[in-house]
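One chain, chain A, appears in both complexes that follow, with chain B as partner in the first and chain C in the second.
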Partner chain A sequence: MDTGVFLLILAWGLYAGCIYILLAIGLNLIFGVMKVVNFAHGELLMIAAYATFWVYTYSEINPYLIIPVVVLLMAFLGVLIERLCFRPILGTGKLNEIFLSLGLIYVFQNLAALLWSADSRSIHSPYSGISVSIGSITLPLDYVAIIVITFIILIVFHVFMKRTTVGRAMRAASQNREAASLMGINVERMDMLSFALGSTLAAVAGSLWMISGQMVNPYMGSIPAIKAFAVIIIGGLGSIPGAIVAGLTLGIAENIVPFLMQSFVAVFGVEMSFTAWKDTIAFFILIIVLVIRPTGIFGEKGE
Partner chain B sequence: MNKKYRYGILFTVLVISVLLAGCVEKTGETPGEAAGEIKIGIVAPVTGGASTTGTDMWQAAVLAADEINAKGGVPVNGVNMKVKLIKGDTETSRESGVKAVTKLITVDKVDILIGGFSSGITKADQVVAAEHKVPFIITGASSPIMTRRTDIDTSYFFHHCPTTDDYPESTLLFVDDAVKPAIYTKSDFAADRPLRLGVIYQDSAYGEGVYDGIKKTIENNNLNMEIVSAEKFVMSQTDFRAVLTMIKAAKPDVVYPAAFLNEQTLIVAQGRRDVGLNTIYLSVECNDHPDYYTGVGEWGEYSIQESRFGPYANPAGAIRSNVLKFRDDFKSKWGAPPGMMGASTYEGVYIAAEAIKNANSVDKEKARASLAELEMPQIIEVMEGNTITFSSDYRESKFALYMQQLIMDEAAGETRPKIVWPESVKETDFVLPDWYEPGTGGA
Partner chain C sequence: MKSDRQNIKTWIGLLSLVVALLIPLIFGINHYLLTVLIIMLVFIIYSSAWNLLALSGQGSLGHAAFFGIGGYTSAIIARSLGLHPLVTILAGGLFAAFIGVLIGLTCVRLREWFLGMVTFGFAIIVHTITTELSWLTGGWDGIPVKKLIPVTIPNYILYEYYVMLLITVVAIVIIYLITKSRVGLALEAIRENELEAKLMGINIIKYKLLAFAISAFFTGIAGALEIHHFGYITPEVYGIDISFWPIIYSISGGLFTIGGPILGTVVITFVWEVLRSFGLVYEGVVLIGLVLILIVIFLPKGLVSLPEKIKARLRL
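Our next item is the complex of A and B:
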């Protein structure tokens, strides 16, 4: 087995894991505070990617500088979704919440197709030709930046949740909504904030997605969202550390396992491609985790 | 929540739904509504992962129908019948494809089907078409099994696009003829060293078909080539970095992706920009589309695009004026140049009209018999023998394919193709770029 190839594939997995983590933490935050599963979370990534594309196309400024603009736009959209869609039906039954979020998927996809056509669009990062050497491997600068940005956001998010009054209030609402309300926490405001923050993280994921050279079209949100759902189930519903561990595990595993399997069967003289097994591997991990630990790695009973 | 507020939300949702519904294009009318019309179902992925191609197919078909109708329609039994197109959106999925084709046949009562993109999806659509014995001119699905499969009656299917056996044959003969000598001269390789070929193919009937075609071409033509890596990916995949890293590790001289437009764009861009796989990328013809040149940007420079109809390059010959007119008309109607699948679907509508005219009936059996005997002049794509006709064994028309190399056009800000093969139609010679890195394997 070529160690250089192994490390490089590991780095690609780390990048994929970063996108999954950002999406999954947003999902988890919303679920933790509101106990709502937003199936349309992938569409927030799609809209953020479009926002990045359009701001970049019209302003031609450095795409990294566009991230704060997109974050603000998406936070506003998150608040709108919570106020107009989820708040009115909160507590009326899980089926209502599920079908509302499924409906939002189609609304967002069709609106995007109507507004921007179904064509795929991409942007070119000004740093796309620059690579940096890290040990024995060479990585494009954009990927290093994406990994670093994700970890900075995770640290800021951690500090916000642990050290600030609002963060503590969100955690309290997440742990026991009624008790938090009795203690004077405005849980409805926490709901709104959780949607805003969740959308913000999806916004960062969408912008980084575009910066990394990926393409956006109205239907691209589904696959990353499915992976993000797998991540929160593997990590444990509502668990932020679980989402981080599971996101990295999933991103790395789905990239590295086909390579390892190929190297393994090659020992026996068998030539076989396992690279199309990416998604199968992700859900195989999901099944194993659920069988061994139904609550997920960091999940607690009752979630 | 008070009732007033709730009703307010309900009313708002209803208004938005009605407005959105109003934005949806009308796709058909009730069966039997209009006698004197030839109803043609256009089967295409207008939404979903292959929506760019599907939209191109639909728009080209509309242009053909408009042209035919503007000339008075199709004479059948002394009556000039208008062509009416009905959209069957496969949404780039098998399930939706079957649903769309079932609706076209049972609800819209179409006389003939045209289109079909993605062999995997079209293979599922065919089952419905075969069951109802509806003639189907397949203009986008390239697997040869379309008219060769034995599990259903294929006698109603007519294949008007090159098959996955045809692409690799032209492409690899070109590689052997022009690319290999350039690489071997630059790298000082021994003439008997096999050319190292990396293949990355979609895990579908289309991708498998191209891969099989590559192996058959090497064997049948006794080409001195070796497949050093063959990796699969799932349809609509967006992250190819890991798989390209594995291909790079196999040290290929040339990489042949069997991918759709969005996939091919990302494979070339991620291969060159992220993985540093600085090689000659080949491309299957379905990617010869304006969106590909825009999407792949400078990373596509010097890559090879096999083609039979492109948005930019024109092979010299008798149909050049037809090609230019089609391109201009399409652009003025839709605001963007047409793609290849659009070209064959455009021809598909003319083929259907000609077959129905010759049959003097819209009866499906008569239309099928007429298609089987069809002989008409080539329209906008160069055909073998300059004639559109379907082979007696598998009902396939035969195209004359050519190869293009993408060269940066500073004025356009993106690459443009130049025809480099075969000799009879080429505009310029193949160029091996300075940044090219050959595989290893002995000088």
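Our next item is the complex of A and C:
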């Protein structure tokens, strides 16, 4: 097999994995603190991508500088969603959360289609023509920037959760809500904060998605979000390292499995493309993992 | 008291059936109206089937898989063996039920939202398999399908409406009898508390799989009916929104009830058609989404519980 091609696909997978990781960690945080699943998380990614698109189209400033603006906007939206939608139904049953997220998906997707039409849009980052060589492979500069930014965010996030008082309070609230509240932690504020932070991470993912030249349309959020769910189930509910490992694995597997399959059948002289199967790989992995362990790989304490 | 209420419900059911029978006589043979009503009947079966699975505590997010499998199976058998759609629809339902048991096998041990994810994933996998088997399914372009009633017959749409109505009534009665039987009670017990149900001697896996099979069967029938109405089938029958509509209908009408999915489908179809006639497509879906959110928060038992809620308010 051609090592160059293999490494290139690996790097592409790394880039795709970064988006999944950012989404998955946000979801994991919200789940940890509130024990709530927000299936509409992908719609936050979509709205952030649109926000990046519009700010960039009108201001034409460096797209990386737009990220903080989008982050603030989305954190605010996240808090609104938590206050208005999820808080009233907290503790009324898991199915209700799923149904409420469905309502949110419908509202956001069609509001976006209403305001911005259903057309796909994309932007050209000022660096889109530049590539960098790492070893034997050449990657667009934006992809490298995205991988680097994601890792910086992960480190900052890790330090925040482990070293600051607020981070500790959030971890306490996710470990034992009642005990944390008895220790004087305002758990409702932690709920709000978890949604704000989760939306922030989705916002970064959405902005980076846009900057790297991907398309945005009102319906693009569902599939990445649902894969991010697969990632946290595979990696274990509430486990941040699990989410990173599973996110990277999924990103790489999605890109490499169709390629390997193609090379495999080529040995028998069959020419066949497996790219159509890309979106199904996450679910194959998910189903296999859940058949073996119904609670996920690391999901011992979850729920 | 309770039997009184039961009587009222039976009367409401019979009354709506009479109204449904009379509609073509009142409005004449209105092609648009009858088409809307036919699709509504299809979704009444579909939502009721989804609701039956939800009754066992299993909220599927990928029922479009069964809807599409029923449609494709029926379409392909009707085309290759030349059988009448009324026969092949049954085959579509049975094959959907078979796949339902297979998918159910991976789901029975899962928690609510794990199950949601897995069923959603299966819908995507089935979608991909269908488009990749293009020699059989026509790929993305789909294949033409025999109409339930040939278009050459005068007023075919009228006959189609009555056939659909008959099938819907039969399906609803069967689903009603199932929920009132031991099976229905077992499913409710499992939903309320799995561990207690197990201690009462209920074979949880058996009943959950049974719920999957029955639900997939009727969903497959609904899918087959829809495509034999349209006259063609494309992989769009596996769309994410096809999975979500029965959920919206059931919740807005009232989960775990017989009347809920029916009422929800009728009301939302009506609202949707009115909005659409004003050209409000995206606005309409946004509104339906908002209604769903408000119902989950303020009226968790759905529209069927509205009269009781109002009564309780007035008494205060």
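Here is the rule we go by: the second predicted complex is superposed on the first by the 301 of 303 C-alpha atoms of A that agree within 3 Å, B and C clash if a C-alpha of one lies under 4 Å from a C-alpha of the other, contacts with A are read in each partner's own complex, and residues count from 1 in each chain.
Quick note on the criterion: a residue touches a chain if its C-beta (ideal position, glycine included) is under 8 Å from a C-beta of that chain, and two chains touch if they have at least 3 such contacts.
What you are looking at is a predicted structure, and each value in this text was computed from that prediction instead of being measured.
Chain B and chain C, once both complexes are superposed via chain A, clash.
Once chain A of one complex is fitted onto chain A of the other, the partner contacts of A:Ile98 are limited to chain C, with no touch recorded for chain B. After overlaying the two complexes on the shared chain, residue contacts for A:Ala113 are found with chain B and with chain C alike. Of the two partner chains placed around the shared chain by superposition, chain B is the only one that A:Gly129 touches, whereas chain C remains out of contact. In the superposition on chain A, no contact is made by A:Ala266 with either chain B or chain C.
Of the two partner chains, chain B is the only one touched by A:Tyr143; chain C is not. Of the two partner chains, chain B is the only one that A:Trp12 touches; chain C does not reach it.
Once the two complexes are overlaid on the shared chain, A:Met183 sits clear of chain B and of chain C alike.
In the superposition on chain A, contact of A:Ile233 is made with chain C only, not with chain B.
By the touch criterion stated above, A:Asn217 is placed in contact with chain B alone, chain C being left untouched. Once both structures are laid onto chain A, the chain B stretch out of 38-46, 56-64, 128-136 or 380-388 that overlaps chain C is 128-136. In the three-chain superposition model, chain A touches both chain B and chain C at residues 88, 107, 110-111, 113-114, 276, 279. Chain A makes touch with chain B in their complex at residues 2, 5, 8-9, 12-13, 15-16, 84, 88, 107, 110-111, 113-114, 117-120, 122, 124, 128-129, 131, 138, 140, 143, 213-215, 217-220, 223, 255-256, 258-259, 262, 273, 275-276, 278-279. Against chain A, the residues of chain B that register as touching in their complex are 1, 5-6, 9, 20, 23, 46-49, 51-52, 55, 203, 230-234, 236-239, 241-243, 245-246, 248-249, 261-262, 265-266, 269-270, 273-276, 291, 295, 297.
Remark: chain A residues 37, 39, 85, 88-89, 92, 94-100, 102-107, 109-111, 113-114, 222, 226, 229-230, 233, 276-277, 279-280, 282-284, 286-287, 290-291, 294-296, 303 touch chain C in the complex.
Against chain A, in their complex, chain C makes its touches with residues 54, 57, 59, 61, 106, 109-114, 116-118, 120-122, 124-125, 128, 131-132, 240, 244, 247-248, 251, 255, 282-283, 285-286, 288-293, 296-297, 300.
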